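Presented below is the structure to which this report refers.
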Amino acid sequence: MDAILLQILNGIDKGSAYALIALGLTLIFGTLGVVNFTHGALFMIGAFVAVTVGKVLDISKITIDPSRVDFLGNPAKIRTPYVTEWFGDFGLWLIEWSVLVSVVVAIPVMILIGIIMERGLIRHFYSRPHADQILVTFGLAIVLQNIIKAIFGANPIPQSAPDLLQGSVDFGVWVGMAENAVVYPLWRLVYFVFSMVLIGGVFAFLRFTTFGMVVRAGMADRETVGLLGINIDRRFTIMFGVAAAVAGLAGVMYTPISPPNYPMGMDFLVLSFVVVVVGGMGSLPGAVLAGFLLGIIESFASMPLIKDSIAAIGLPSIDQIIIYLVAVIVLLVRPRGLMGKAGMMEE
Amino acid sequence: MSKLILNRRGLLKTGAAVGAGMAMPTILTAASDGGYTNAPTGSTVTLGFNVPQSGPYADEGADELRAYLLAVKHLNGEGDGGMMNTFSSKELKGNGILGRKVEYVTGDTQTKSDAARASAQSMIQKDGAVMITGGSSSGVAIAVQGLCQEAGIIFMAGLTHSNDTTGKDKKANGFRHFFNGYMSAAALAPVLADRYGTDRKAYHLTADYTWGWTQQASMAAATEAKGWETVANVLTPLTTTDFSSYIAPVINSGADVLVLNHYGGNMINSLTSAVQFGLKDKMVNNKNFEIIVPLYSRLMAKGAGENVKGIFGSTNWHWSLQDEGSKAFVQSFGQEYGFPPSQAAHTVYCQTLLYADACERAGTHNPCGVGEALEGFKFSGLGNGDVEYRAEDHQCFKDVLVVKGKENPTSEFDLLEVVEVTPRAQVEYDPENEFFAGGSLGTCNPGA
Amino acid sequence: MTLMRDRTLLIIFTLFVLAAPLIFAPTGAAYPDLLQRFAIYGIFAIGFNILFGLTGYLSFGHAAFLGVGSYSAVWMFKLLSMNILPALLLSVVMAGIFALLIGYISLRRSGIYFSILTLALAQMSYVLAYSVLTPLTNGETGLQLRLDDPRILDAAGPEGFLPSTNLFGLEMKEVFWNPTVFGYDLQFNWGYYVSAVMLILSFWISIRIFRSPFGLMLRAIKTNQTRLNYTGVNSRPYTLAAFVISGMFAGLAGGLLASMDPLAGAERMQWTVGGEVVLMVVLGGMGTLIGPVLGAIFIKYFENIFSKINEVVLQGWFSFLPDWLSNFLVTIVSPFVGRGWGLTLGALFMIVVIFLPGGLVDGARRIMRKITGADRRAAKARNE
Amino acid sequence: MGILEVQNVNKRFGGLQALNNVNLDVAEGSVHALIGPNGAGKSTFLNCLIGKLKPDTGSVQFDGQPVLGKKPHEINQLGVARVFQTPEIFMDLTVFENVMIPCFAHRDGAFKINAFARVLRDKEIRQKAEDILEDMGMKEKMAAQSGSLSRGDKRRLEIAMCLVQEPKLLLLDEPTAGMARADTNNTIDLLNHIGETRKITKVIIEHDMHVVFSLATTISVLAQGAIIAEGLPEEIKGHPKVREAYLGEAEV
């Protein structure tokens, strides 16, 4: 029982990341009709916004301490971050909570990156075939990756969560189970809550604001909305910014879970396309649902018990391929995905 | 473009490289000391440094490249000479190799066998390299080693830890200075038994590919010999980035030790997950739960950040060693680049020097002569105490370091501390040991 | 007229391919391994173009067939003979069967869904080849020859040496002629010429397919599948046939790769390799005859030559300049070459997709038109 | 017995009864027009005929064979060609190629791998394609890319593509929709011209009464998913039910 609960927690946690990325991907596909292969790279850039913020906060004044020596036998250099020098305890607090600082920084940065991308590149591809969109965004992803690699190197760069949110909590006790039965990392719970808030925010934004309503109308029928004299293009630009921000924030918050390095976006890209397809291309609730579902399926598939019993009937280790297998089955059996519009791609 | 280069050939010589778009005739076979592939005829000799420059191990590759450049400097008599001064063999005079100035070419393995072989081929066929060295993963090392055997070139392996490199995939033209999975396990097991007791239940998470399997098998065998019990071995896909679903079942499995047979990004992510799940502070069977990472590198430790603190593992070499050779190397490397070298840097620097020395002793670059000079060669002064290149499988035998993540690092490089230096005798094994049997060196191939 | 033009193109192409060791000498690419790769990836791209260029179906999974081809070939070398002919045959057949299987599943969908299906299936093959299928593929290390392989058709060679791949005694790695021309040391190598003949053959097949009713149907699928169906044509077997044909080309390329260098690694099946062939075809010009080969040469040149330009080489280039300027230039240029080759490649690729949707061939055509003024003449002809 | 027989076809979309017990009998050689107000179910009906939609109940027989559940290409191979509302042609290909494709489909069937034959060496196909273009007055445009044609020429090309297959039945879905008067008249002339030289049964779905009364030999009127009247053009003109449901005050 506890093992199952643990895997469900793991599943929704993985699912949070999948859902967030797939949500942005679907927003872009739904509103702009663009298949965006750069989306994984946006997730990665979000993570590196956190790295950058960490590094900026760590810019230090260097003083020489003659009493100690470094590895070469020279007098040791002592580094004092300027923020602590200037702001004292508040500076320390900033460094400690740099992930949250990064969240604040990432929102405008990612929106800006998204808008620049849309204005500078994507908009010239609306009328071109999907294949061209895939190719140009794929090229952009390669370029972005290489830029990050040139700046930050290839090694993963660890980011720690604030002390207060590190370590694990006894989740089992909260739900009335025995002590120490289900111990779960606190930050992962934070990640889940954060993603729920973000997803909720996006849905509320689309449902309750005029802006959102216009965009939803635009998703349904772009031409008509255009005929009504509403400048749908500008709204779509902003939507691209929002999608980039969602991906970026997912990346920022992911850094304490997995130290970021430049290829991380590609790993998530393939996965998130699978999620979008399973959920139903163009369906926002579908993307979220499929994200969580696939997260949970993947978690269960990696349980030793399940791995062993599947291996016992002669099939290869299922956890390696489960996600792809699900995608293939869904595409063949129910091509419009879990919640896709009827008739979509069902030929 | 090429016209310009041809005009500048004189200048290029000092630059010590042959590069792209260039139209320099290649010497395939030749004259005096001939009869082997790419025998050098002029006043220079070209070495090929084939390291990952893209992909996840690019930083490791960059560090290797730094060490290679340093070695070339020292061989050509520039700089402070580094470990040439402490090396027990005194053949190297700082006048290049066999009086020929050392030049080099670089290439990108991309950590893919295909790309690595393509890059090595271009060094052999285009640039006339007489030795290839480098690499940062076993798949690549074995692939390039096979290629060099076919082409008649010496291969001095870089970072490769799989038993197979000098086990079932060993080759007459290939030599490995780095240690291997078996040696890691043999070095670690006694220390672990000593610290954690002999009554332990170990849970293994293993990267699902050749290196992971050999590492796991070696660890399981070595720890079981000390009385440990292996309760589970779960294979994790190479592409996993979130290990939470593999870590969670460990918690209530009854195991009190977790062994992470992972390397690189896998290891960083699995260790991060394990620590987040609170395994480090857990009590099981009235014992402190422990995590072990059989193969450590400083770059990995850096990637895993705080999480490595107190975690045991093994490493080939560490810059904090206090023997003369290590000190000289750290000094020399640190002066040049401003930070201490990694174990990858150390191993490739040694490999370059060892190759050069073997050429001097053999009086030729002929792979067969060089191979003969390296086989059974005993030396010291390159760190790791007294070392021997075993003739039977071309594996270097030397002391192995057991390290653990440092609790209170004093600098960003000070991440590991050496707990124990396991003497060579304890990690030696029979070449036909179950983990290594099945291969054959074959005959040395001079090519041409 | 088209037939005449095709014949001229084939003749020029053949001459170009046969003279490649001479033609590429000034570019630094004229060594056997890279020339072989040009030819082999050229074949891969030509095949992929038959699917992608003609039908517009964008597959990210063709690396899987390349891998299957390589594995089949190496198994033939291990079990049967070092003669490359049976190996190549098995490569093509196995890749064809595999393509039939994957194609049958993924062609049930079109557009982006098709792309994602191929991506998922290829990634599955890669993951399995890397780990679970290790007995067949030798996993991480890659399948390679061993001294104790049976090779039942071959006589035993010298003790302790691996035999070389050959075509009835012509060794693939042998340089059979090594003249010096214009100061360049030329290497004429059997392996390259075997690949070259295959490339020319593939090019000829591709011309025939382009000009055939079958090719016409494939192009019709790309431009308007609905109309084609209402014209009484069942488009699915056509796309499947194109898929299998392109898969067989990929298998041939994989088999040739293994013939030139008998090792087959799982990375060959990764979707990024499948992405690379897409880059080749798009860079060169999708749907054109010669484009894919140009794209393959372009990318392989980048990967093998650009990636080797390190700082020292750059310093050599700029050493005629004053120190400060040379250092400045080295600093500016070095992020884009050597270890930064991927950045330059990605950027170039984007530029081509944005400004030259027809690829390099399109670019060359535009330039030709500018020069000859054919543009104006054509416009005039239209108006008349 | 007509060449096309539709019996009791029903189709429902959710709560909407799109087709309600539709019966239709098209006589061989006739030009049968299907008219009706917007949303009457004309397109749904047509889609059922050509295999795009599957009706809930009912049967459709063409030339004695059931066609329901058959795929579009199978129905075409039976001898049914279709002209779309907006011309569906192969925009990236030349006019000549556009016409050759249906020639091949007609001769070689739904699928044939003839990867080593040469299109341009196939005299029979070339001849046929050239003839039809000649007939349609498009011969001088045969090298042009069909996407660059005028709208009228695109329609002309599409009809040529259908005719070259020598179909038994030609379905025309609002062939003059969105056309200027002059183009419409050209199309009418064209269709009449076809009628003179070839004996092809036609089913026309049309809005424009001018077109209908210029071409049709029989007219069926569809309203709210059901056939409400059928007869000769003169009969339909005066039919009270039709006036009420559809023609309204429109001048006829």
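A few comments on the model shown:
Letters A, B, C and D name the chains as they come in the text, with residue numbers starting at 1 for each one.
Definition applied: a contact is a pair of C-beta atoms (placed from the backbone, for glycine too) under 8 Å apart; a residue touches a chain by one contact, two chains touch by 3 or more.
Predicted, not measured: the structure shown is a model, and the values here were computed from it.
With centres computed from CA atoms alone, C is the chain lying nearest the middle of all the protein shown.
For chain D, the chain whose average C-alpha position is most distant is B. With each centre defined as the average position of its C-alpha atoms, the distance from chain A to chain C rounds to 34 Å. Chain centres here are Cα means. That of chain C falls 45 Å from that of chain D. Centre-to-centre, using mean CA coordinates, chain A is 51 Å away from chain D. Touching two or more other chains at once is no residue of chain D. Counting partners per residue, chain A has 149, 317, 320 as the residues that reach two or more other chains. In chain C, the residues that touch at least two other chains are 127, 131-132, 342. Pairwise chain contacts present here: A-B, A-C, B-C, C-D [touch as defined]. Of all the residues in chain C, the ones that touch chain D in their complex are 2-3, 208-209, 211-217, 219-220, 222-224, 226-235, 237-238, 241, 245.
Touching chain B in their complex are the following residues of chain A: 2-3, 6-7, 9-11, 13-14, 17, 68, 70-73, 76, 149, 153-160, 166-168, 181, 183-185, 187-188, 257-259, 261, 263-264, 267, 298-300, 302-304, 307, 317, 319-320.
Chain C contributes residues 25-28, 31-34, 37, 127, 130-132, 134, 138-142, 144-148, 158-162, 164, 173, 175, 178, 180, 183-185, 187, 257, 261, 263, 265, 267-268, 303-310, 312-313, 315-317, 319-320, 337-339, 341-342 to its touches with chain B in the complex. Of all residues in chain A, only 35, 121, 124, 128-132, 134-136, 138-143, 145-147, 149-150, 266, 270, 273-274, 277, 281, 316-317, 320-321, 324-325, 327-328, 331-332, 335, 345, 347 touch chain C in the complex they form.
Listing the residues of chain C that touch chain A in their complex gives 56, 58, 105, 108-113, 115-117, 119-121, 123-124, 127-128, 131-133, 271-272, 275, 278, 282, 335, 340, 342-343, 345-347, 349-350, 353-354, 357.
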